[in-house]
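The structures come next, written out as structure tokens.
Consider the two complexes below, in which subunit A is the common component and subunit B and subunit C are the respective partners.
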Partner chain A sequence: MKIEQASVAKSNPVYAEALVNWLYQLADDELVIGHRDSEWLGMCPDIEGDVAFSSIAQDEVGHANFYFTLLHELGEKDPDALAFSRPANSRRNALLLEHENHDWAYSVVRHMFYDLWDELRLKAFSDSSYFPLSRGAARMLREEYYHSLHMTTWFVQLGSAGGEAKEKMNAAIRKIWPDLGDLFYIDQEKMLLQFGIIQESSASMKEKWEEQIKGLVQKAGLTWPGPVPGVQMNGRLGEHSDDLKRLIETMGEVYTLDPAAKW
Partner chain B sequence: MNQELLEILQEVKDPEIPTVSVVEMGMINRVTREDDTIFVEMIPTFVGCPALDMIRQNVQDELKQKTGAKKVEVEYTFHPPWTSERITREGWEKLREFGIASPGQKHTDIPSCPYCGADEGDVENIFGPAACRAIYYCRKCHQPYEGMKKI
Partner chain C sequence: MLTEEARFQAFMDRINRGEKIEATDWMPEEYRLLLIKLIHMHGVSEIMGAYPEKEWVPKAPTLKRKLAIMAKVQDEVGHGQLLLRVVEDLAAPLNKTREDLIEDIYKNKVKFHNVFHMEARSWADAGLIGWLVDGAAITIQASLLQSSYGPYARVLKRVCAEESFHMKHGESIILALATGTPEQRKMLQEALDYWWESLLFFFGPREITPAVDRMLYYRIRVLTNEELRQKYLDKYVPRIQSLGIKIPDPQLRFDREKNCWVYTDPDWDRFSRMVHFNEGPKSRERVEMRRQAHEDQRWVREALLRARKQAV
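For the complex of A and B:
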């Protein structure tokens, strides 16, 4: 089954519901990490890092906008409203992505962990039954290549540098580890697989992710903290920290002044 | 494809590289005319390209002005996806004149310097002033230069 148009997807309410739910998980991940990336502007350790994070932020927010546009075609609100005026408990992003940037090591480790997951996830729907989604995946994968190239370069360099850099990287990995659970959780996964909206299970993708990360941790001379924990709090079901509330307030500060304004 | 309309679109330039047209960038997938309406299907270079609305406006203005069409509809599509291989030969020449090198065969290849042609460049930053460009440094003529990413 291949579905070309939003109107066709909408004529099957069970399919449409699973698809909409999935698109929110994707869009919210990209928007939240994209916003955190943008907070590094002017603050990076070197100017190259600054330019890189600005480009990456632009890409991630652009991807969020792509998913929000697909949602709008399926009958949800317009992309700006979806991005700026939904309360925290309706957001579906993974917890890890909403946390503050902390230090450079934390931001590099988190981004690389997320990028490798995002790549696997994009591949899992690059032959999706929903054609508008698979088309976007093909394009976004080409962009994500440069994100993970940049982040893995930093990851390996900082780890291999030894000394304080290595300590901070190991500390960042330990800090991130307990928050990883819901990153790999896919809400309504069974339905998504059944409809062919995605074509690989989260368990299989998680296994690949662990293998890749293990290799990189070893290459960088860093310490593997042990098994990846299961889900504690679940951002995919709307459970979030206060970090997200503050992020939404900051991100939507201008929008909420006058939601009807034309910019 | 309507050749006459394509010729007119040569006047619409990439807002970030003003010597190269949207046609040469490989952004036009289809352009057709039916009575007073022109329909243009375009391919964005990057999903999050901030210039898309501006380009749409420029395409509409140019076509309305040159053809007298009452309505110009511009639609963006990701099918087929844009790749750097869509850039035309003229496009590459103009990019080089502008100081932007063409990518090599592989993602990791460092493009030749657009100023002196040497193959002795280093990567300065895989992210440049726009999402589609990277920054290199030529060890021979000691110039920093930009290159289109292989996408």
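For the complex of A and C:
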């Protein structure tokens, strides 16, 4: 089955509901991490790194815009309303992505963990039954390739440099580990698989992810913290920390002055 | 063997013929020092110029504006990088490195433009910076395309092309506000009221200072501060007026007899102190941010050097 456009998807309400639900999970991940990335502007370890990180931030927010546009085509509100005016409890991003940037080590480790997951996830719908989504996946995969290349390079170099850098990287991994659970959680997964919206299960992707990360941790001379924990709080179901509430407040500061105004 | 005097004369002949001087060419010490001073300040201004708008990156009110302002601030940092690369070459014989050029910012050894000491208080300010501050920067930089120093002139080609995008980006934000709600128009008027004086100051004092005089002599620059300010007023006064907002200077008019704009002088003394002693409303805070960015991440730069050594 291939569904070429939104109007056809909408004619099957169960399909459309699963698709919409999935797109929110993707859009919110990208928006939140892109926003956090952009907070590094002017603060990176060197100017070259600053320029690079900003390109990644723009890619991520661009991807969020793509997913929000698909949602709008499926009958949801306009992309700006979806990005700026939904309360925290309706956001579906993984918890890890909403946390503040902390230090460079935390930001690098988090980004690499997310990028490798995102790459697997994009591959899982690069032949999706929903054609607008699979077409987008092809384009985004080209960009994500460079994100993971960039972040794995940082990861391996900072780890293998030893000393303070290695300590900070190990500390970042330990700090991130307990927050990982819901990253791999896919809400309504059975439906998505059944409809061919995605074509690989989260369990199978998670296994690949662990294998890749294990390899990189080893290559960087860092410490593997043990089994990846299960879901505690679940961002995919709207459970979030105060970090996300603050992020949404900041992001919407101008928008909410007058949501009817054109900005 | 050329005498010192003949070598200098040959150099000046090249400049007067309109030739470009390259990084590896012989140049008088004075020429080198003037270039370092000018381009270092320019590069650092681009980097410090990222901060006022950076404050509005997380708050941009639509997804498109968010993407645009991120790209815009990224460009500014990128210009800083290009310009510092030019200074690094010039300063290499003086044993100055990139690290020194950045540290000079928080050791108060290099100045940056007055506008980047000011507050960006609202989204209108963020738009106005893109439109009128970048507009002012283009006016100056376009004239520097003719600079006698080749590497600087070439980098400026790209800088000018990108700055004109920024000007369009700012103009687009401003147009949305100017045609928006009464609240949005009020926000815009307040932005212009706040920024006008510092925009006039941006071009520097009316009189030709000794340093500017030497830069004109070497054709590092080709126009005076006042010539540049007049060009800017020519271009932007009608544009601002067409939006129906009021320029906060009752004396401002075009004098047909003298063929120039008459304007109320900015508070030269106040702005000059701001630039020389970091006494502006945001100077200290932003210099501190730059210090933090550089010092707090020193471990990262050191680790990369170690990792590269190990890889060899």
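Here, the second predicted complex is superposed on the first by the 263 of 263 C-alpha atoms of A that agree within 3 Å, B and C clash if a C-alpha of one lies under 4 Å from a C-alpha of the other, contacts with A are read in each partner's own complex, and residues count from 1 in each chain.
Note that a contact is a pair of C-beta atoms (placed from the backbone, for glycine too) under 8 Å apart; a residue touches a chain by one contact, two chains touch by 3 or more.
Computed from a predicted model, the values in this text were never measured in an experiment.
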- Item | Partners on subunit A (subunit B, subunit C) - clash or fit | fit
- Message: Is A:Trp224 touching anything from subunit B or subunit C once the two structures are fitted on A? First, second, both or neither.
- Response: neither
- Pick one for A:Tyr255: touches subunit B only (first), subunit C only (second), both, or neither. second
- Query: Looking at the overlay, does A:Trp263 come into contact with subunit B only (first), subunit C only (second), both, or neither?
  - Reply: second
- Note on the structure: In this superposition, the partner of subunit A with more touched residues, subunit B or subunit C, is C
- Message: On the chain A superposition, what angle, as a multiple of 10 degrees, is formed at subunit A by the C-alpha centres of subunit B and subunit C?
- Response: 50
- Item | Touching partner for A:Val61 - first (subunit B), second (subunit C), both, neither | both
- Task: Could you tell me if A:Glu48 is touching subunit B, subunit C, both of them or neither one (first, second, both, neither)?
- Result: both
- Message: Quick one: is A:Arg139 in contact with subunit B, with subunit C, with both, or with neither? Answer first, second, both or neither.
- Response: first
- Upon superposition of the two complexes, what minimum C-alpha distance (Å) separates subunit B from subunit C? 5
- Query: What part of subunit A is shared between its subunit B contacts and its subunit C contacts?
  - Reply: 48, 51, 54-55, 58, 61-62, 65
- Message: Residue numbers of subunit C touching subunit A in their complex, please.
- Response: 47, 50-51, 54, 57-67, 70-71, 73-74, 77-78, 80-81, 84, 98, 123, 173, 176, 179-181, 183-184, 289-290, 292-293, 296-304, 306-308, 310
- Note on the structure: Contacts from subunit A onto subunit B in the complex sit at residues 48, 51-52, 54-56, 58-63, 65-66, 131, 135-136, 138-140, 142-143, 145-146, 149-150
- In the complex formed with subunit C, which residues of subunit A make contact? 35, 38-39, 41-48, 50-51, 54-55, 57-58, 61-62, 64-65, 68, 79-80, 83-84, 103-104, 157-158, 160-165, 168, 250-251, 253-255, 257-258, 261-263
- Quick one: which bits of subunit B touch subunit A in the complex? Just the residue numbers, please. 46-50, 77-79, 81-83, 107, 124-131, 135, 149, 151
